[in-house]
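There are structures below to look over.
Two complexes are shown next, each including chain A; its partner changes from chain B in the first to chain C in the second.
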Partner chain A sequence: MNRARRDALVGYAFVGPFLLVYAAVLVVPLLMGIVISFNNADLFGRREWIGLANYAQALSDPVLRQAFFNTLTLTLLIVPPLTVIALLLALALNRNTRLAAVLRGVFFSSLVLSVTIVTLIWRFILTPDAGLVAVGLQAVGQPPIPFLSDPAYVIPALAVTTLWWSLGFPIMLFLAGLQQVPGDIYEAAALDGAGRWTVFRRITLPSIRRTLLLVVMLQTAAQLQIFGQAQLLTGGGPGGASRTIVLYIFEVSFGRWELGYATAIAELLFGMILLVTLLQYWFVTRQEGDRA
Partner chain B sequence: MSETAPSSQRLSPLVTVLLLIGAGIMLMPMLWTLLLSFKSNAALMADSGSAFMPPWTLENYAAIFQGSLTTRWLINSLIVSTGSTIGVLVLSSLAGYGFARLDFPFRRTLFVIVLLGLAVPEQAVILPRHQLFAMLGLHNSYPGLILPSLTGAFGVFFMTQYFRAIPPELDEAALLDGASRLTLFWKVLLPLTWPAQATLGVFTFLGSWNDYWWPLISATTSDYFTLTVGLASAQMNYAQTSGLGFLMAQAVFASIPILVVYIAFQKQIVRAMAGTAVR
Partner chain C sequence: MSGLELIDVSKSYGATRVLDGVSLSIAPREFIAFLGPSGSGKSTLLRIIAGLETLDSGEVHLGGQRIDGLAPGARGIAMVFQHYALYPHMTVRENMAFGLINAKVPKDEIASRIAQAADILEIGSQLDKKPGQMSGGQRQRVAIGRAIVKQPRLFLLDEPLSNLDAALRSRTRVELAQLRNRVDAALIMVTHDQAEAMTLADRIVVMNDRRIQQVGTPAEVYARPANAFVARFVGSPAMAMLAGRVISGESGRLRVRLAGGAELQTAVAAAGIAADAPVEVGLRPEHVTLAPPGSGGIAATVELVERLGDRTFIYTRLAEGSEVIACAPGFSEVRPGDEVLLAIDAAAAHVFSADGTAHHPEASA
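And then the complex of A and B:
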């Protein structure tokens, strides 16, 4: 056996195991999904080719439209505040004191909890019959607020729960980004007598541009797929007021067994996430191009 | 980092107070959960505000060990998360070394195909994957719960970057000494990747431990529930069954293993994030 062939075999031996699993459990389902979305398919294997009919149905489905707007509202209520709060906390906690270390631990802590635990905790903060907020309101003689069953409160309730849960990871990313800003830039700025705000706007912010982009991209993609919080805390109610796109996909596939239609919605969501991510990336890198 | 970098400045009193308030908001929900878990269900039925006052009790924790399914779900979660972690570490290390160091046809193309996987959200594959696994009879089994987490492109990307950062002279020296590729990988390079293994391992374990969507649709008999799915079902049935105190004890009990992992590896995670993950 010649050397090149031997090297190739060794190479495939190393990357092969992963590629096999990757092909079978990711690539194959990805392609299957595209095919299924053109079919009138149920959960039990019935298939009938119907072309674009599922996609046409999706575009005129009022329930999906409501779920789309709920998801969009949640994403807008979560991503900007989350990014700003996480950045501020990272700036404050980026120092070598004991207090900062302890507080970092506190702000990271909720990220290790599962969605089930987070919703359990927040259910008994928000629920009007036994929740912590209701107990507090009762103590000052106020009636409880039905956060989880009043259409005006469900979306903000889900947003607050998600904010509390999601804070840790963006702080970690920002801290990592801040650590990579060279210290001598700050020295030079201090010598020039630059104020804090100037330093932040002219030095810190441009230096962590990439991290900022990463945080916004990851969080947007995550919140467009928000599911567990809505399913467990509100069940999408009342009257669909907190139904999200993925919750609707779950209901259509495992409640109504309309696998073809559910898959078509999932493909649309996939396209939407891809588009939004690319737009965000393009927006930031284009500005970098302008500077150069 | 130098003396004038912001990391060595002291916090102003106002910022400190704001931070402490923020920390209070972060911790309050957890403390509330902890308090509720130490109260009898009957006392909480009457008034959940009584959680702030004694008597507290351990009966809810005792109930977890007496014939509830919670311990079974804990074992399932441990098996699935450990299996996923070992699987990801082995597959990503092998593939990462292969992509970083070895030459074979279509290497670049294959690597790009793997990277494209980073852009595929779970929603795009989860329903057809459910169909596929149904055909293969993989639902309600450990392999069925573990396999999807082994497709993570991030691990391969992460390990490839890490192997690329190791000086290639090391390989050449070892190969000149007559070591085989496998010995070189196993004895020389792998020990150097320990920090990366720890980071990737912790994040994989965490992700798998907290995964909800896939086990929700794949594990449909309560014997194969993981903790997330089990506690979700308990939460849904809360009104009819176990009571608030018991539910909260379950939540605390379910969080303990992951908190231990997190505390044990906290330094490692943060340090490694600063180094590699954000490029």
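And then the complex of A and C:
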């Protein structure tokens, strides 16, 4: 056996166990999901091949359409501000002071809270009878706002909750990206007479382009699957005003037991996320051309 | 117009003092080398001049203007960084234009300056490449080009040759020498390498232990080192130092008895040095030769032989333990372990007092 062959075998031996698990818990269910989506299926294993009927139903389902727009609105309300705020905070925290180190820890800690705790906290803040906001409003003589029961407020309330909860990870990614930028090019820029804004726009931003792309892609994919907050904070209400796609999938499969239809929606969502992230990737990398 | 003036510059990092009362005056078109061992504060001093570090006390003046309070970009200084510090996402042209755009230089002026610099440095065909696509030597030229287009009053170069291989190094050395003829500015280069400093600089600033040890032309620093540190640091192989004691001088010149018993009649003026004072005698290799057997030389054992073709350096050890390096013309046949006799040209010897102060031989009358 020649050397290259042996090295390759050793390599496969190392990744093999992981690939097996990966295939068992991800690839196989994904393929099974595609098969199930062509069936009229329930949770007890009943299968009846109905071709594309589930997909046809999805395209004309008004509840799904509402969930789709809710999800899209949430994603648009969350991803851009989240990215900007996380970047600004990372820039502010990217220094070697004790305060910055403490604050980095504080922001990162929100990341380890489970969605249950996060929604509990925000319930305390938003609830109209005795929540923090209501108390504040009362102090200035205003009536409380029913954030969680008024269709006009539920989506923004969910967005704010998610923003707060999701800041930690993008901040860490941005900080890691900023640390990669060699310090001497900032010194060169100082000698080149670049002001703060010029340094940010011409040096920092291009240097962390990849991180920016990563953050936007990860967050978009995550927010298109937004679920826990919606279920726990509002249950999708009032009147479906905050029902998201994944929440609807959950209701269809575990509430109505229509597994085939639920997987069809899931496959559509999967395709949409894939498309959006690929578009983002293409949009950012197409201008890089021959970048080394 | 006056050049660069440093007045009593001091700098500490926390409790560690890095520069202690450094004063220096540089003429407008002078080429200066900062030479010194690692950690002697060369880079720190350069960065203070550039404005990348603050100073604790003291003043920096350039062209008659006090600049130590100015932002780095407002000082009329350009710097070539050790690792080039090119902007990786910009093309070569954009790298060179960046500082000029910030300084609001008109567009066609920028274009003509870049064209001219690219011409001088022969990087005209690379202007649309990014630094990542270039070799180390090419990046080095871009870094120099980026400095040239700014038409600064002062160039600072931090170890500009240290990242290049030997061949590129000597070529870039020639280019640096040409550069200084082309630009109307002073140049300060930091280096570890004394050959570099000797060949390029008008004057060398030798630094050690937070202070400037000596400022002088390469010839001065070599022939009349200000103290024992400079004497040992400059010159390759290094000057040998032999411990001894002053015995009565003849006609105003010092006579020294070495630890091994031999006596040397030096050409150093005896004034100001007490009899019996402990001193060190400094001998450059070229002032020590091999004496023929039977003549009155100092006995030594050969430890290492370095044959360079045109001459041979013979590293020897005296019976009392000190090391002396001798120089022989051509290709010497001595071998490690051989017992040899050394002939010392005592009239060329330097004498150093216990505090390191140097006393140089006077031209013989």
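For the reader, a short list of remarks on this structure follows.
We adopt the following convention: the second predicted complex is superposed on the first by the 273 of 292 C-alpha atoms of A that agree within 3 Å, B and C clash if a C-alpha of one lies under 4 Å from a C-alpha of the other, contacts with A are read in each partner's own complex, and residues count from 1 in each chain.
In this section, a residue touches a chain if its C-beta (ideal position, glycine included) is under 8 Å from a C-beta of that chain, and two chains touch if they have at least 3 such contacts.
Note that the coordinates shown come from a computational prediction; the quantities given were computed from them, not determined experimentally.
With both complexes superposed, B is the one of chain B and chain C in contact with more chain A residues. When the two structures are aligned on the shared chain, A:Ser207 is found in touch with chain C, with no touch to chain B. By the touch criterion defined above, A:Gln57 reaches neither chain B nor chain C.
In the superposed model, A:Gln66 lies in contact with neither chain B nor chain C.
Of the two partner chains placed around the shared chain by superposition, chain C is the only one that A:Asp192 touches, whereas chain B remains out of contact. In the superposition on chain A, contact of A:Leu26 is made with chain B only, not with chain C. Look at A:Leu274: by the touch rule set out above, it reaches chain B but stays clear of chain C. By the touch criterion stated above, A:Asp184 is placed in contact with chain B and with chain C alike.
Of the two partner chains placed by superposition, only chain B is touched by A:Asp7; chain C is not. Residues 184, 187, 190 of chain A contact both chain B in one complex and chain C in the other. Against chain C, the residues of chain A that register as touching in their complex are 182, 184-185, 187-195, 198, 202-203, 206-207, 209, 290-292.
Chain C meets chain A in the complex at residues 50-52, 71-74, 77-79, 81, 83, 85-90, 98-99, 102-103, 130-133, 146, 150.
Of all residues in chain B, those touching chain A in their complex are 1-2, 4-11, 15-16, 19, 22-23, 25-30, 32-33, 36, 44, 48-49, 90-92, 94-95, 97-99, 102-105, 107, 110, 114, 117, 119-129, 131-132, 147-148, 150-151, 153, 156, 181, 185, 206, 209-213, 217, 227-229, 231-232, 235-236, 244, 247-248, 251, 254-255, 258-259, 261-262, 266, 269-270, 273-274, 277-278. Every residue of chain A that touches chain B in the complex is listed here, in rising order: 7-8, 10-15, 17-19, 21-22, 25-26, 28-30, 32-33, 36, 43, 45, 89, 91-97, 99-100, 103-110, 112-117, 119-125, 130-132, 135, 138-139, 164, 167, 172-173, 175-177, 179-180, 183-184, 186-187, 190, 210-211, 214, 221, 225, 227-228, 232, 246, 249-250, 253-254, 259, 262-263, 266-267, 269-270, 273-274, 277.
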